[in-house]
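Report on the following structure.
In this document, chain identifiers A, B, C, D, E and F correspond to the written order of the chains, with residue numbering beginning at 1 in each.
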Amino acid sequence: MFFSTPRLQYPVRVDRPNPVFARALQQAIGGVEGEIRVMLQYLFQSWGARGPMKYRDMLLNTGTEEIGHVEMLSTAVALNLEGAPLSFQEEMSADPMAGAVLNGMNLRHILSTGLAATPENCNGVPFNASHVYASGNLAADMYANVAAEATGRALAVRLYGMTDDPGMKDMLSFLIARDTMHQQQWLAVIEELGGTAALPIPNSFPQAQEKGEFAYAFFVHSADGIAPEGRWTTGTSLDGKGQFEAMISKPLGEVPQLAPARPDGGAQAEQTTMQPPAGVPGGTIS
Amino acid sequence: MFFSTPRLQYPVRVDRPNPVFARALQQAIGGVEGEIRVMLQYLFQSWGARGPMKYRDMLLNTGTEEIGHVEMLSTAVALNLEGAPLSFQEEMSADPMAGAVLNGMNLRHILSTGLAATPENCNGVPFNASHVYASGNLAADMYANVAAEATGRALAVRLYGMTDDPGMKDMLSFLIARDTMHQQQWLAVIEELGGTAALPIPNSFPQAQEKGEFAYAFFVHSADGIAPEGRWTTGTSLDGKGQFEAMISKPLGEVPQLAPARPDGGAQAEQTTMQPPAGVPGGTIS
Amino acid sequence: MFFSTPRLQYPVRVDRPNPVFARALQQAIGGVEGEIRVMLQYLFQSWGARGPMKYRDMLLNTGTEEIGHVEMLSTAVALNLEGAPLSFQEEMSADPMAGAVLNGMNLRHILSTGLAATPENCNGVPFNASHVYASGNLAADMYANVAAEATGRALAVRLYGMTDDPGMKDMLSFLIARDTMHQQQWLAVIEELGGTAALPIPNSFPQAQEKGEFAYAFFVHSADGIAPEGRWTTGTSLDGKGQFEAMISKPLGEVPQLAPARPDGGAQAEQTTMQPPAGVPGGTIS
Amino acid sequence: MFFSTPRLQYPVRVDRPNPVFARALQQAIGGVEGEIRVMLQYLFQSWGARGPMKYRDMLLNTGTEEIGHVEMLSTAVALNLEGAPLSFQEEMSADPMAGAVLNGMNLRHILSTGLAATPENCNGVPFNASHVYASGNLAADMYANVAAEATGRALAVRLYGMTDDPGMKDMLSFLIARDTMHQQQWLAVIEELGGTAALPIPNSFPQAQEKGEFAYAFFVHSADGIAPEGRWTTGTSLDGKGQFEAMISKPLGEVPQLAPARPDGGAQAEQTTMQPPAGVPGGTIS
Amino acid sequence: MFFSTPRLQYPVRVDRPNPVFARALQQAIGGVEGEIRVMLQYLFQSWGARGPMKYRDMLLNTGTEEIGHVEMLSTAVALNLEGAPLSFQEEMSADPMAGAVLNGMNLRHILSTGLAATPENCNGVPFNASHVYASGNLAADMYANVAAEATGRALAVRLYGMTDDPGMKDMLSFLIARDTMHQQQWLAVIEELGGTAALPIPNSFPQAQEKGEFAYAFFVHSADGIAPEGRWTTGTSLDGKGQFEAMISKPLGEVPQLAPARPDGGAQAEQTTMQPPAGVPGGTIS
Amino acid sequence: MFFSTPRLQYPVRVDRPNPVFARALQQAIGGVEGEIRVMLQYLFQSWGARGPMKYRDMLLNTGTEEIGHVEMLSTAVALNLEGAPLSFQEEMSADPMAGAVLNGMNLRHILSTGLAATPENCNGVPFNASHVYASGNLAADMYANVAAEATGRALAVRLYGMTDDPGMKDMLSFLIARDTMHQQQWLAVIEELGGTAALPIPNSFPQAQEKGEFAYAFFVHSADGIAPEGRWTTGTSLDGKGQFEAMISKPLGEVPQLAPARPDGGAQAEQTTMQPPAGVPGGTIS
């Protein structure tokens, strides 16, 4: 259950409103790297948590924090829209470089919301909840959370660089700090779960049942058969259970043979009989 | 540029076709944890790679491998659909428990493809390319890739458990092994980039510009002010740059004051004048 | 800014878990009539509110309440999934009517979440934030909110009828009561704004500028020219500003004449010259 | 069954084509407040109507009218695109402020349609039929229709303000008038159904089965416990069946306890055993 | 402008209602092969038509016909839902094989519409208007229309096979006939435009400007260099302008070299310097 | 199974980077007329092919080629973004017409990818795999492929006209040539299948079962009853099996009569009884 206060988690101040920056900020609200995503992701991970309750509690705390981040950013969008032009004629009278601002705006900020934020990204694409990753596997979810906070911090850093408004820079420096903490926080859970020793994820599947010979081999798919070398082709694997190697990938399977189409299935008549594959018998790949 | 052979990377065999399992397999094709996603993700990361070329090469290799995984799974779907009923009357004649198989099928496997796979998930929701994470930040992308392979391996393990078809189990044990390697592979890049020392992501933003006091603090949003304790509230942070602490979160900002609505902006007349906030003066949170 | 407690707003109890009912409940989480929608709708309306502050506060209160409704329903889904079969073989051993439960389940409840809720509707379609209506016009938003609570209550009533689980019926009777209140609440705002006297929405546009002769006329588009009669064809209009009438609709405009396609614009050559319309000169509609 | 004439319902004239206004107009075609939505909404409500036939007929009439509105707006988009630049070089030769028009255009108007409308909103997001509300409950649908026409009229008014083209203003003043009528029309049905006496929606569920004590109570979720006062906290409810009151919202439920994860379900090993919740025993909210 | 009559274009009769067939029929309403798609496609092609007016008129006629097809199918869905169970308990009392019908239904037919059609496909995925192809090129559009009617007729044929209800078979035999005509109709336009002589589409681009040596060559991407032979590798091309040949595809371009990442762009530090590509110098493909 | 080389299929060179053209190019990557679509379409058609194997092989070849087209275009986008401004201040210092470039850019090219392509169209709408047509009917698929290559070539021609960059024009002239070939290629398959003699699609349904009288009749839906004349109203049909004619379309069906709403189904009380239709008895259409 949730409570709220009309005060913001951190001050949001815009010194020089910029309606085009309002469009950019939308990426941090409704983009795949944005705050609606992490808000719902942490809450759904919490609500579906099975196992130790402390993770449920922690996720609930941070999910609750993130609601307030959406609130801060929505406020920042609205404040960047103060004074935005509502028409072509208004804009042209103020500025002979007609259309510059309206061109760069999300027109829905005028037409659909009357100068307020939308739950969309910077291109006006609505947030889609399929981006809420809550797999029921704690370690997998923690990596998904690190990825969300890493792309989210990259986004916040880019927004910080895009503007020179002091108020916006101040707000973003707060959000960037929180992203730092949240990266740490999810990695801390991974450390508690054993770090790389907890790999591979999920760790509840007996590895004897996987095709072990392919579990630590880098498959080379370059047509010239040359592997890009790195840590992933040499040394002990990160879970300590195997040795990395480079392996030229070859087809281990045959050409699939589907049954002919059924005569009553809506296909063309030609598809209802089978013919031998063309050009396949000599299909040796070396 | 790309080449192909009609042979499969690994044999795909179905001993007892099961049209409902065909529906389940679709999650591994077009689901957010599935193979179209990683195929496009690794390819787009490769095509947009800036910096050391070896990562571009590696991503291209593995992206190329993944195309073949989509191929294997699509073949597995088609083979599981061999012999599926095309009508109610057909099914009922074979089985008095009428409709059981048609109930559980993705009807598009009959109606739209004539017994073949679709680029959709197990609910028939088409794959959406917004799930392709390619941030331009190598470390962020590697964590996104670990998350994809971790949720992907959890999915493959669950599919493995769902079936007792020996052919399907064999194919899945291969894919599970590849997910193991791919988890390792992306973590190996992170190790090359310095591991936790490379945090926070991105590491090219001067941390002096973030609000340092909030960068290693776990914010408590429980209404009762009790923190869920764990590695994230105590000890040195994972990047070695701070000390974890629990901090009761309080509103640091004020109630936002947006300007009244513009009379010519389509709002109600009541919105064009401002009133003091109700119930806020005493808005003390303690 | 937001706070939470791990306790639920109202008890959620499932006496006889039913994984198919878990699928049905998803409509109340991620469906267009569901709780994620109203949660985000009220919050975005609050965050973008211009004009009297008390509406911002009220919306924030109820938006905060709705987060807890998503929590309750997500918990209800998880509890309905306790004991669900994870495989065909498991189900068949328990019940010779093989596949009945797996057929009716959202397979992502097994494959993607490990027996927990998703932010999707009952067909597995992810929630899409384009359904968040926050127009910047208070009266328009209130009608959108009434519509959301009316379709939401119809949904809750249908779920109530679908189950005979006492725990689920108890939870739903609470949610139904809240929907009653929320219908009342948004209509109370409309009453404060003047009720029908506030029409048409928006009331800040001078009605003299609209084509008044068409503002209270029911247009008859039946090919036989017979109007379906009702309150909308007779009497004073609901805002007291006009008289309803039925008017046979006729084309008042001409056939549109677009310029020929530009030769360098990718069209067929035939499209780059113009011909008189065929069969139009005599295009009299009577 | 439907018929058509190539003539338009009302004249569409563009005096000074403006390709950026063409982008804005798209919101009225494919936006959530637009005409494709109401066209399909009224038609699907008609086609699924159960009960008095006159509502089916009325919905069919107005749904048929709306098809012609999409036609008018699509024509308006095409006419606003007459003379639009097709290339950077063309634009720059005409105007040294290079790029202004192409920047502000929906590039699909050039690339995908050859200067014609698309079924998209002003951001190029395709119309999605999930916005078609047809609940099977007449009163709920009428409120949804009022909401659609209210946000639609707000949009039309904003488009009217955005342009100073006399032809466009004339067309919009017609559409604004029709939105006025359609708001009236749906409210007239509600009046026929009994007005507020028909509440709550649906009125076919026995209210004795809802938790009556919560049906007219405004829940206060402010952390400071102060209610935003208004008509919704005092007086008789709008359906005349209760008394409004403000009620401090407290958690009535307990912390949910999900079963541990199943060992064969793809979760981490840590999730397969249960631990008592941290920080909950003292979880008193006051 | 449009008109309607409440009578249907062709009788719709359901002898034995089948709620699972109602789900299947949805594919013909809101599926990509369905009628909402062609309705909007023909109407948008008409409304944006440039060039000879008779095509605009023809498209308007057939687009208008298709609205009535959506109406027929929506009616068929509603009639197939007559008598459908609304609850688990109701179904079980009628039939001990509990849940069979509810398992196979689109639950939104109960929960969201009260036994009526939705603008969705058979998986409950809402129709998305991005499937409306109206390219501004008449020949391209005609091929898109043939494709729509061909996949649409395949769908109708499969639905015909799926049911043995005489009423449904009768309705489908009408729709199948119309699909026959519509295939013919669009091909007739292509014949008028010159048939294969009008190729390639668009025919308004000077072919001298394309890389002619690649315009009639089948590229072989098989890793074994063996071409699948057919009409496409031999003989005169269908537009009579070239000779088909098989050509082994080789990379004609080099490895792309993107600039290093900008230090202020949010990438990792490692990405801000450039390294020579690994394993590429010897990248000869033969 | 697939292989790759880091070299491109054809050289990609950008002489004068243009970030707005980068946005336009995205339509060829992730638009409905773009390369991700055909890549997946041909691959899924190949993987699900039933009947003669040579079509499976051919589709696999061309699908493999298309992956390299996505690669070329993604590279072209990245090269057009070299030197793009990352901030308002940077742009303004270089050019007093502030904001022109940022206005016209896809801001995700800065914020989400660090100057690289996305799998989106020119409006930033992510590619959606529902556009992958693979019907299981070879002839239907070939027409879908022709349509894809025809709209794709129209798009490429428009991009060619939009730019005057020699490198981009060179790359596009290659892609345009390939689109020419691919149009030819799919039509060549249709020729092999019998050309128009293979109509109607699917040809495996006995035409005696369709309502023959409607199979070659153009239905006139103009309210004035005048048919747009053309090849489709006169002469032998293209499959040689019928005679075209124009037929005034009349309603052959009656007004549908759905049962009243069930009292326990969430509808309004008024809907639970039936009334005779209003205005219908005289519903004669002539």
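Convention: contacts are C-beta pairs under 8 Å (C-beta built on N, C-alpha and C of every residue); 3 or more make two chains touch, one makes a residue touch a chain.
Going by UniProt, the chains are A, B, C, D, E, F = Mn-containing catalase.
Note that the structure is a prediction, hence the values are computed from the model and not measured.
Peer 1: What are the mutual neighbours of subunit B and subunit C in this structure?
Peer 2: A, D, E, F
Peer 1: State which chains count as neighbours of subunit E and simultaneously of subunit F.
Peer 2: A chain counts here if it touches both subunit E and subunit F, which gives A, B, C, D.
Peer 1: What rotation angle superposes the Cα atoms of subunit C onto subunit D, in degrees to the nearest 5?
Peer 2: Angle of rotation between the two copies: 180 degrees.
Peer 1: Quick check on the interfaces: B-C is repeated by which of A-E, E-F or D-F, going by over half of contact pairs matching?
Peer 2: Comparing residue numbers across A-E, E-F or D-F, the repeat of B-C turns out to be D-F.
Peer 1: So the centre of each chain is just the mean of its C-alpha atoms; given that, what is the distance between subunit A and subunit D in Å?
Peer 2: Chain centres of subunit A and subunit D, defined by C-alpha means, are spaced 27 Å apart.
Peer 1: At least two other chains touched by the same residue of subunit C: list those residues.
Peer 2: 1-9, 32-33, 47-48, 50, 54, 56-57, 60-61, 64-65, 75, 78, 86, 97, 100, 103-104, 110, 112, 114-116, 120, 123-126, 128, 130, 135-137, 139, 151, 154-155, 157-158, 161, 201-202, 204-205, 221-224, 227-229, 249, 251, 253, 255-256, 258-259, 261, 264-267, 277-280, 283, 285
Peer 1: Considering only which chains touch which, how would you classify the arrangement: line, ring, star, complete or other?
Peer 2: complete
Peer 1: Over in the complex, which subunit E residues touch subunit A? Could you list them?
Peer 2: These residues of subunit E touch subunit A: 154-155, 157-158, 161, 222-224, 226-229, 264-267, 278-280, 282-285.
Peer 1: Flag every residue of subunit F that touches subunit A in the complex, lowest number first.
Peer 2: 1-6, 47-54, 56-57, 86-89, 97-100, 102-104, 106-108, 110-112, 114, 120, 123-126, 135-139, 193, 198, 201-205
Peer 1: So in the complex, the part of subunit C that touches subunit A is made up of which residues?
Peer 2: Result: residues 1-9, 30, 36, 40, 43-44, 47-48, 50, 56-57, 60-61, 63-65, 67-68, 70-71, 74-75, 78, 112-120, 126-130, 132, 134-137 of subunit C touch subunit A.
Peer 1: Applying the document's contact rule, which stretches of subunit E touch subunit B when the two form their complex?
Peer 2: Subunit E reaches subunit B through residues 18, 20-21, 23-24, 27, 31-33, 97, 100-101, 103-104, 121-125, 151, 154-155, 158-159, 161-164, 221-224, 249, 251, 253, 255-256, 258-261, 263-280, 285.
Peer 1: Quick check: in the complex, which residue numbers of subunit F touch subunit E?
Peer 2: Residue list for subunit F touching subunit E: 3, 5-12, 32-33, 54-55, 57-58, 60-62, 64-65, 72, 75, 78-79, 82, 86, 110, 114-116, 125, 128, 130-131, 133, 135-137, 139-140, 143-144, 146-147, 149-151, 153-154, 157, 160, 173-174, 176-181, 183-185, 187-189, 191-192, 196, 199-202, 204-205, 207, 209-223, 227-232, 237-239, 242, 244, 249, 251-256, 258-259, 261-262, 264-267, 277, 280, 283, 285.
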